[in-house]
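Could you have a look at this structure, given as structure tokens, before my questions?
Going in written order, the chains are labelled A, B, C, D and E, and every chain counts its residues from 1.
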């Protein structure tokens, strides 16, 4: 079933490429259908998911490269399922979003579906090598989406994105090999690696492997100071691609951190968690402060991703170090996972909104706008809701995540948590200032005809924001799922 | 010191000296003759070293080759008879250093190494041995060399022979044009660097 | 003499000679018939060669190695040659000596095969010589094209010097050890080695490095890639490298791990080669030259596997798989160049995705495979390489290679970006059906080798080097 | 006359050859340098054969291989020189610099 | 069940929003109905002892419960909101009215959630919801860019305080494994101190205590009902409520009480002075809010949270009606500048009703607010006479500005504007609130007092006659000063240094406390002089004072003007410092952020870009090796071979 969820979008992409000369609207319908199917399949997987059952469920396995111990293995725990569900939702939203396809709708939707397949692959696979395969393939998809349908200096941004993140993924590849090569017989099966903790006690090597993972996933996440590929990529990408980049691709970094070093070498991870946590706090503050200084709408949102992913990494690091304090460990880790989900939905919406701005006005400069609430009230409401969710207002998804992260972290690193919450304040200021600049005050004459959100756009944003509110008001349905994944002590056995 | 040693020293000196003269004459023809002399000296040393077949082969082969070379100069080159003084060298100092360095390194290595000491038995039928070896144990090498020579002949003819069965052989020896009737892709010398 | 052990080679020779004779008698416009003939010969040779897989012995008195490495490498050489043959008829159509071209091509393939199987210093020299001398001819085959003759001449100059060094090296090694066969030499090599032996080894390695296009004898590769006839360039950037890599691995394997420090030396060469190749490729505006430099860097990656021969059992299989992936990708890239009538300026590739979507896709896949993006062939190649070097204790080499891969992505993306992200420069003519076949087969191979890597890995798994 | 002296003589020839190969502008003269190097190899091979290999025929064969290399390289080299001269009117390394960088 | 208290107004808000452009009546009826239901629910909940639990996950459990204290506030909130919302539905501009009503209802809902919370997580949710609503309400009229900016200011300031609550919640979880209030009892140091500090920080920020007071002024940019609700029963009240609620648990931290008292007293005094000098009607009331919440802080710090809540209740009653009155006056006069109002003749009924509220603000018996204020003073007296004296001074100030406000806003003088009866709804709203204030007069009766104390489970501090008299004296004095100021300096606070002084503080609490006390003494001296000379009724006193000797008058004027000229100079400096500190803090943060964005990002980006540039340059260099000259290639090979040989030798 999960296999099907990965391959349906890929097949959809192929079908689109093969589908000759269809109209753009028709192509979009096909793409939306192809994107909705995996979501349905994942919902079915969720339906069947038993929180009290074994760690990984819906497992399927088929041999692929037995001589390297590589196989097609899929399966989900609570964490993976939560993130994958969020990704599927976001992909559906991004594909349904009425984007500018520059007359190449076929390729546009094909690349999106390709990216969806690979992204789901990253989250659903249980094989380390397959994980890496999908991890890298997602770069290719995103490169073309940014490069071909972006604007501004899209070619250069896409290049930087690809080169920078490939550097990260190569670090991961080396680390994976360093981790796996000590197993006997050679295996890339995540479950066995988690159970056996192959590098326990091999210190210099384990440290290096961890460094590789942290660098690789740190670039992807992105963690200060490895984040500088992010703003140009976001600014020049088309809105839906930005939404996917922030909502799904960044999650691969944190998901990878949880799935690989956190689970497979928990002892080493715990020993080196403090520097990672410090880095996360620096990311939180840095991302917030730098975002605050941006005059460009999309850059500002982009930097808040640095900030938010810093929260997630902080939670992961704290959970990794919280040996013996099971409650705090689980709280921090759950918070990190919920942050991933919440950030995906929230920042996805924000980037879609930013895309709406570009489509209407070809300008990201905040100073150029003002008083838009007069002509685009629906856009204003959606933006304000998303902004509040992003700044962590209770009742919305971001709060649930950040609160858990900080509560869990405080038990381990009180000082870091205390410093980290300053980020909440700065994000509040920067988002409200942004909202104020865009929507309030006087309406410049040239935006008199600024169109409000269209029907499809409203539907898409409503779907995302509804989830944000649902998580914020009553997150139990999500937390039950996530905690099924975070409950099992890392490296048990 | 035996006569043999003296002869070796003289021949070695001659080989080196004539070798050196190759690059010190003004004319290519003279240079090629100097090279031939160097080869002949080496061939002679080989005879001293009890390798009659190789030595004589070297002498003959090189004599022929140098004749060809000299002829070649006359046919193609700008200073056929060496009538005008000419000397065309570049990076002379560096080349000299490289040559001297090679010599020094090799000499040092020779002096520092344990050289094998297993002289050839004078009674040994060395030419017979060689024949057996060529057609026996090392036949594959010999065959490969044969194929190589064949390929070389084919290649040399292709590259140098101007006339083919169907007229000037080089005329169509071009890449296909980028668009029919156009010019092949690639920067030409006349386009400048 | 066990003539049966060189039946594939004999088949090639016979085909080559037959083509030579036929070409002398049929009209120039019918010379393309030589291509199917050559393909048939290659097929026969390949079938014979496939029959030798699984044998592990030295024949011809220890001169010729029939082991996993040579068997697979020779099959690979034959396959690559076949691809080159397919590329050639369209390209060479106007040449008055079109038919002879295939003869030289087959002889050159033979030289590479000789290299792969050489288990004797003299055979090694002869293999290098055969491969080189035909290579010069192929590079200069466009006698009326200034770039081609220049490429041939430069190839020759570098090659002649390198061959001279190789002969010096081989002589010193053979003279000091008193033997030329690897099997007889192996027991004599122990300890640190005398200075003269080290010198001989150095010169020999330089000589083989020339065939591999590795530092310091790499200079010919970009020139040949740019100037030689494009199918010949495809051949010369791939086929001799396969033979030479196996030959060098065989040589390195002679030296026990604790004797001469040849493995660190090869590691340094690998680093220098991949780095130089990548750096020089960064700003290339000529796609063929760019592929040439990238081939240099790929030689560096191949040297990684050579470096850990004897240290890791995974080294030889990794080398073979890497070469397989590299051959598929590089041939595909050149196939696209050939198919597009040699189009080479980077600017000419702008917007190619519009004009020739399939060719654009093929070139993109080839480049991404050379980078090592999964699940393409190049990825599995690099994966096995990394695995081998980490296993062999050269993890730092893997790190350097990873860094180099990042650099390489940059210039590959310059081309890919030009193809996909720039506005189209109008229609692009293609060469014809022959080359089109390779542009279809190539991507299929790149994907297939990656996706069904198990077949290759399992086949190469037991490959060892004799002696 | 010992192996060492013979080898030193060969080394001298090789050294001179290297000098020639590196210093000569003209292709032909350059090739003469290469020939001289191979000349040294011939001498060294026979020296080894004569003093160090107990007369094993491989030593002579080595010399023959060196000779083959010499012959083959010269043949194809001259052919190339002809081709280059015909198409490019070039006979020195400096005049053949279109392919660079 | 208890969740309904928060849910009903929130849902009603959603309905109001969804209902869109229905009539005022519909909106008003909806709001009133929702609030009545809430009130009824809160009474029922208090009576039945309702509670609520909502499990988000194993660790996160939202809990709600009512203590006597919180039940009181839970009832108070809808009770006060009722007239305010009715007023809003009737009087506010039509444009955006549904949104306003909806947000006000949500505001009430958030406040109710905060009140019923029985754990820090629930509290935090309500707490931040209230803050967010305040942002939207202050910026309600977003067409003027100033309003949303004020909302931003208010939200960021209070959110800074919220960080304290975050901290407290985190520390509570770390210490006890849950967020429940119960766990706070008897926690060991230093966790207790951390929690207490966090709570105090957020309470002070929410209640507009020093140094966070300025946001209350910015909040005045919102519509009148917003100010009324914000200052009376929601938002600002949350701080004092929280302290009162948690004081029993957190009292164990030794410094806690002293810190609360210090902050409260400082704010009470400084707020009084600022209010006295303020010329903007709503800002005057805003400063007074700070001051009165300062008094509540003092009560909590003194150990009488019940008294604080009683004062909160009384304050809610009169402050809401005062704001509504000020809003009416402002609407009538076209601005909130006090010196332009004097609407006593124009709006006599309103004037009468607001007089009740103003007297309550002044603390004049027999109004209930006077009793609660005296109780605060008595509570302060339990901690020391000096503290009680400080509170008395604050009470005097309160009386002074109350008098000034009443006289200026609804004073009889001035030309009677065009008459006209005010609408019924505002009158009813004000009347209801006035009735509430009057009803509280019952507190002077011992029986009722005891009943209230029982209901609140609160202790009542013993009150001494001396204290009462002294306090009343100070009130009287304050009234006189206020009247004098209103008469003689109607334009005070409009220009020059007094304006700067009236524009507030904000500054670090220690400085401001130290700064305002001398000012207080000077103002007190001036008042003393006036008191000596004038002890008749307000008007007569003013006339008499004018008829006094020139020297006395001169002295008086010198004194007053001196206080207005010299002390405000200091205050202006403080204001400058404040602007430097707060605005400078913001600007500095922005500049720092800019710096980060430029230099820092360049540095961080330098890592990859620099590496890329180096690779690129090396690329050029590497290509230079490929000179095209074959002899260079030979050299390369020779050098390479030599290097390789050397390497091998070195290794050997």
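Quick note on the criterion: a contact is a pair of C-beta atoms (placed from the backbone, for glycine too) under 8 Å apart; a residue touches a chain by one contact, two chains touch by 3 or more.
Keep in mind that what you see is a predicted model, and the values were worked out from it rather than measured.
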Shared chain contacts [chain A and chain D, defined touch]: C, E
Target chain C, source chain A, minimum contact steps: 1
Chain whose Cα centroid lies at the greatest distance from that of chain E: B
A-E or C-D - the one linked by more C-beta pairs in contact: A-E
By mean Cα position, the chain sitting nearest the middle: A
Between chain B and chain E, centroid-to-centroid distance (C-alpha), Å: 100
Where chain A and chain B are represented by their mean Cα positions, the distance between them in whole Å: 67
Whole-Å gap between the CA centroids of chain B and chain C: 28
Between chain E and chain C, distance of the C-alpha-averaged centres to the nearest whole Å: 78
Set of chain D residues in contact with two or more other chains: 14, 17-18, 21-23, 25, 30, 47-49, 52-54, 58, 61, 65, 68, 72, 76, 80-81, 83, 86-88, 93-94, 96-101
Shared interface positions of chain C, touching two or more other chains: 122, 126, 129, 133, 136-137, 140, 143-147, 150, 152-154, 157, 161, 175-176, 178, 195, 198-199, 222, 226-227, 280, 284, 410
Multi-partner residues of chain A (each touching 2 or more other chains): 163, 167
Chains grouped in pairs wherever the two touch, ordered by label: A-C, A-E, B-C, B-D, B-E, C-D, C-E, D-E
Touch list for chain C against partner chain D, complex: 122, 125-126, 129, 133, 136-137, 140, 143-147, 149-154, 156-157, 160-161, 163-164, 167-168, 170-172, 174-176, 178-180, 222-223, 226-227, 280, 284, 289
Residues of chain E defined as touching chain D within the complex: 623-624, 626-631, 634-635, 638
Chain C partner contacts - residues on chain B that touch it in the complex: 105-106, 108-110, 112-116, 118, 136-141, 144-145, 147-148, 150-152, 154-155, 158-159, 164-180, 184-189
Sites on chain B touched by chain D in the complex: 2, 4-5, 8-9, 12, 15-16, 19-20, 22-23, 28, 31-32, 35, 38-39, 42, 45-46, 48-51, 53-55, 57-58, 61, 65, 68-69, 72-73, 76-78, 88-92, 94-96, 98-104, 106-107, 110-111, 115-121, 124, 126, 129-130, 132-134, 138, 141, 145, 148-149, 152-153, 155-160, 162, 170, 187-189, 193
Chain E partner contacts - residues on chain D that touch it in the complex: 18, 21-23, 25, 30, 93-94, 96-101
